[in-house]
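Following this line, the structures themselves.
Two complexes are shown next, each including chain A; its partner changes from chain B in the first to chain C in the second.
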Partner chain A sequence: MSLVQGTHPQTSQPAKARAILLAWPEFNKPAVWLVAVILLIMPFIANGFFLIEIFATTLILGTIALSLMFLAGYGGMVSLMQLTVAGFAAYMVAVFGMSANTNISLGWPWWLATPMALVLATAFGTLGGALAVRTEGIYTIMITLAIGAAFYYFTNQNWAIFGGHTGINTVATPKFWGVDWRSDIPFYYITLGVAAFCYFAVQYVSRAPFGLALQGVRDNPRRMAALGFNVNAHRVAAYAFAAFIAALGGVLQVWNYRQISPGSVSVGACIDILIIAVVGGISRPVGPFIGALIFVILRTFALDLLVKFGLDGNRFRLLIGLGFLAIVFWSSDGVIGLWERWRRRTAATDARPGGGKPHG
Partner chain B sequence: MDNGAPRFSSVAAGAALELRGVTRLFGALAALTDVTITVRPGERRAVLGSNGAGKTTLFNCVTGDFPPSSGTIRFFGEDITHFPPYERIRRGLRRTYQISALFPGLSVRDNVYLACRGVSRGRFSVLRPGTNDALMHASEALIQAVHLTAVREQRVAELAHGQQRQLEIALALAGAPRFILFDEPAAGLSPTERRELIEILTSLPAHIGYIIIEHDMDVALRVVESVTMMHNGRVFKEGLPHEIEADPEVQELYLGAGHA
Partner chain C sequence: MTRFIERHPAWALIVLIAVAVLLWLILAVWPPGLEEAFGRKRVFLNAVFNGITLGGLYFLVASGFTLIFGLMRNVNLAHGSLYLFGGYIGYAISAWTGSWILGFVIAFLGVALVGIVLQIVVFRRMEGQDLRQTMVTIGLSIVFADLMLWAFGGDFYQIQTPSWLVGPVELPLVTAVRSSGEAVYLRYPMVRLVIFVAAVVIGIAMWLALNRTRVGMMVRAGVDDRDMLAATGVPIQLVFVAVFALGAGLAGIAGVVGGTFQSISPGEDTRFLLASLVVVIVGGMGSIPGAALGAVIIGLAEQLGSVYIPTYAIVVTFLIMVLVLALRPQGLLARR
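Then we have the complex of A and B:
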């Protein structure tokens, strides 16, 4: 497919390192290394509750929101069905794998059930995308939301495969090499590995021909066609790529909760993913993870906080909503946008001779 | 010329672009009516006409942005009437837009790189281009050809108008163009930039033909060898530049009205 295959002869070690840095300019930033180290030693800092309920959950939701960021940020396509794709993958893990619902689950080992789930969910997301690319803007949102809503009601009512409104419970998780991979620390590292893989994949592809062309499609689809690109094929391919990422998130999610039910794929949950991506910022792949961290922290602690102030704890969504409003109001690009504006301002102050405060 | 080729007329066999009876309707409004134009390979032609004469619609029909309502379009003998735009571009057709149609969120280099990638294989490649990538070199050469090397890392949204017009031309020169449609490339350019434009157009390889829509007669007549005059969606007159310029009907219609 690609013309980009390297044909240059054996290169020396430093030259190779330089080539890697050229292909991955991201590795040149100290902040990236700092975050990476903190995430890697997290199990030695945080207890099991924080590790799973906060960080693993953040990474899973962040991965699913990342798939939306890829579509919306690079492709200009706001898809509300990314959680549905993840949920579909989660259901498929439960259906093909092992669970307490023996009448439904086929009892495949995890290493067969998981790839099957990924393939089917990617196909599902690609088909949904093929429908959605026939429309633009708000109609894309409507079609993908309709797919999400349809899937939610379908799972509620279908007992033969999806287990109706009680869903599928006690889903088996991988155990091999003498390790229970669902115990806290191994599972944290699995989610971290998958999230990092997806993050770097999106980051890398954004500078590859496919990702650049997608941004071209976002900016000016008509001109892309006049440059020789099949715009719709590019859009569908983007949905496929995003669906695979969402599916990975879905597999992690069903391993995390060990069960899947319609509540996990509700329309509200679909919109949560949109909120996470927008709050974090959709211009860069790190945004969804920041958004997910804020969302998970609010969801976990806002309840206690509200009760402490003598309010109804169930109103934690009010806090999320207010935060959402504030961020969208103050910054068109979520937390990343705020951060960048702050950095630009400090950079401007530092650059001024004498470093004094600006005069009005 | 008539050697009995059964499927093409003698004219069409050697034509770069051949429009036959092309009509384009927008609802009840006919933007183009029964337009027949033949352009030889390597021929450079101006299309003149007042606003609403159908010049840009003609381009849109040729590139497939809006397919014609009736009639046929052949590109180097091949019937492309029902091809999607990208198939026409991959066959060597190019165009620029009257209002710059660029990718404002991307850098100059990424814009040109996309243009090069669009007409070659690997459009879906998920591998980043290496330092030795042939298309990267091609992009750099194109950027240099339109004098944008100094701003190649800048986002297109930050470019001056004249630079955007130059980038617009660079995108149309990517790959191996055989025929280019220039839609008012000089619009909004300074006199210096106009001279540069004329230089770029006249230094194109001889096998690349083009049609240029241009209101500025000084630019148009200096870079073409033939002229098609359009009026109300029809071909009004065809001829050599000095014939058209001297034609009293044309003067009354176009030069008199627009350039008094």
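Then we have the complex of A and C:
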């Protein structure tokens, strides 16, 4: 680069690029770009069933599980109510927006109902978090599970707002600029956009001062308190941020299925989100999406697979439970942990003088 | 007790007034104005009795949960599955042999055996790793739930009440006075009262065993400081296994009780897991008297709520939990 040509903005350009690369190291890896390109051109590869039932569902579940990953991985708080927050957002979209249950739905347009749902669900998640941080460690699981279960039974009982056990059906989805945003391809791009936004938001926050302080709180709350950090405020703020992400996932979910019922916020579903996050790995934001892909593929194809092996196709949950147990037993960090262990082993084999070829 | 009154005179007064009002509501003949505003006294009394007896059932489930948690720091989220398993065993045995009592014995032994196997095979390998143990219990609860669904299907099962317990019993509580001046007494199912008394007896026996025996002393010491207890040479693994077996067995008994009171079906495991969670959070984690108090409070709240505000009943339970967490996060009767 010559100094003669260089005017000020031009010289700072590579420096700026380098700074961005430092802040976002994943842009430097070819595999990341490959995955991004594949995700972007997915509608040209996969047909409607795969696009929505597999990939969009994966992205939605992954987004909800991402909020759990943020809390558990960076905050050390395993919250089982993330799906409940998402379900609350979904219910709020149905209650404020338009649906077939006209006696419940207020009929607001989507651009008013959706922000309202997001705000309310974030407030709900923050309040739940404020309750959960009253105690520490392992109690968090109990309290958040109790909140999730109470919400499930409440939606079942309450007919005035939540429509009882039939829930709210035929929820209206946004249509504007002449596009039906619930048709397969636009909807896929919406979910991809939201998932990418959440992914990078979590990545960014984890490296921002707040995220670093949160990780400090996770590792040693007493020392952080002694350093002058307000430990509980950081934890509640983490719950608020995670609740917003979960709420985004919940809005997408209600648009995807066009209905919401207590079955979607059941305790089993709350635990599924934990399974997704743990199976994928809770140390990095990409984990929940990997876990969600495995979960969705298993859920969709386990029946056929089990029948093919001459087993009862209804034993899908048994398979999920056993897989989860195996992951918890053998890897502390899910599939990511297994993958890293494998890579380290192959790297070690490579580095060995005169070592043989790496396996696989 | 006296220390509590000295330290919190206002709270003690509120509790005293609440208990007095409740006793008056139960014992007195309601004036007509109250009946108009509040509904029939019979309905209220039935709700109170249902609540207290349901509290007895909740206590049976939650005491095992809190015992295991207090000693081993193991949040056993498969506790609901143990409850359901006990219910199925009790149903199978009592349907096969016709003996209700035998159902209890076999359910206790069978579920305690499951608890022993779990503690020896699974939890001993990951001692001290709270989160991992909890995750494992979640996985186990999924596996158990599906295995039981496989074996027993999605049907509702009700355990037959033995003939000597069938029918109502008249209690010396006046529900109303007829125009002729004749008093109407409350009639209440015998089996629920008997089971409630049994729950109280079990609770007292547990309290005595914990506070008056050598093993109980070890358990209490373990709750306070597990490492120090192990350092004094107590065979702590044996104590762990015994406590896990007892806690699981109690859940099994509770399953038979639940199957007789109500019915057993898939999904009941979650319901009773939630109940034990809330009871233990309200009463205090790891405390047996706390579990008893929490169980009665939650049972009453649930039954009275479902009678007087049916669509918001669960909110009452939940609000109690929120209130306790806000004012006394460690639970009502926990020491720390």
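Please note the rule applied: the second predicted complex is superposed on the first by the 344 of 360 C-alpha atoms of A that agree within 3 Å, B and C clash if a C-alpha of one lies under 4 Å from a C-alpha of the other, contacts with A are read in each partner's own complex, and residues count from 1 in each chain.
Going forward, a contact is a pair of C-beta atoms (placed from the backbone, for glycine too) under 8 Å apart; a residue touches a chain by one contact, two chains touch by 3 or more.
Predicted model, so just to flag it, every value in this text is computed and none were measured.
J.: Check whether A:Phe154 is in contact with chain B, with chain C, with both or with neither, and answer first, second, both or neither.
T.: second
J.: Taking the superposition as given, does A:Ala46 touch the first partner, chain B, the second, chain C, both, or neither?
T.: A:Ala46: touches no partner chain.
J.: A:Ala208 contacts which: chain B (first), chain C (second), both, neither?
T.: First partner only.
J.: Scan A:Leu325 for contacts with chain B and chain C and give back first, second, both or neither.
T.: A:Leu325 sits against chain C, while chain B stays out of touch.
J.: Using the touch definition from the top, say if A:Val267 reaches chain B (first), chain C (second), both or neither.
T.: In the superposition, A:Val267 contacts chain C only.
J.: Is A:Val119 contacted by the first partner chain B, the second partner chain C, both or neither?
T.: Touch partners of A:Val119: none, neither chain B nor chain C.
J.: One more residue to check, A:Asp219. First (chain B), second (chain C), both or neither?
T.: Only chain B; A:Asp219 stays clear of chain C.
J.: Overlap the chain B and chain C contact sets on chain A and report the shared residues.
T.: Looking at chain A, the two contact sets are disjoint.
J.: What does chain B use to touch chain A in their complex?
T.: Contacts found on chain B: 63-65, 84-86, 89-90, 94-95, 97, 101-106, 110, 113-115, 117-135, 171, 174-175.
J.: For chain A, which residues are in contact with chain C within the complex?
T.: 78, 131, 134-135, 137-139, 141-143, 145-147, 149-150, 153-154, 157-160, 266-268, 271, 274-275, 278, 312, 314-315, 317-318, 320-322, 324-325, 328-329, 332
J.: Taking the complex as given, what residues does chain C use to touch chain A?
T.: For chain C paired with chain A, touching residues are 73, 75, 77, 130-132, 134-136, 138-140, 142-143, 145-147, 150, 270, 273-274, 277-278, 280-281, 285, 310-315, 317-318, 321-322, 325-326, 329-330.
J.: Quick check on the complex: what are the chain A residues that touch chain B?
T.: 1-8, 19, 22-23, 204-205, 207-213, 215-216, 218-220, 222-231, 234, 237
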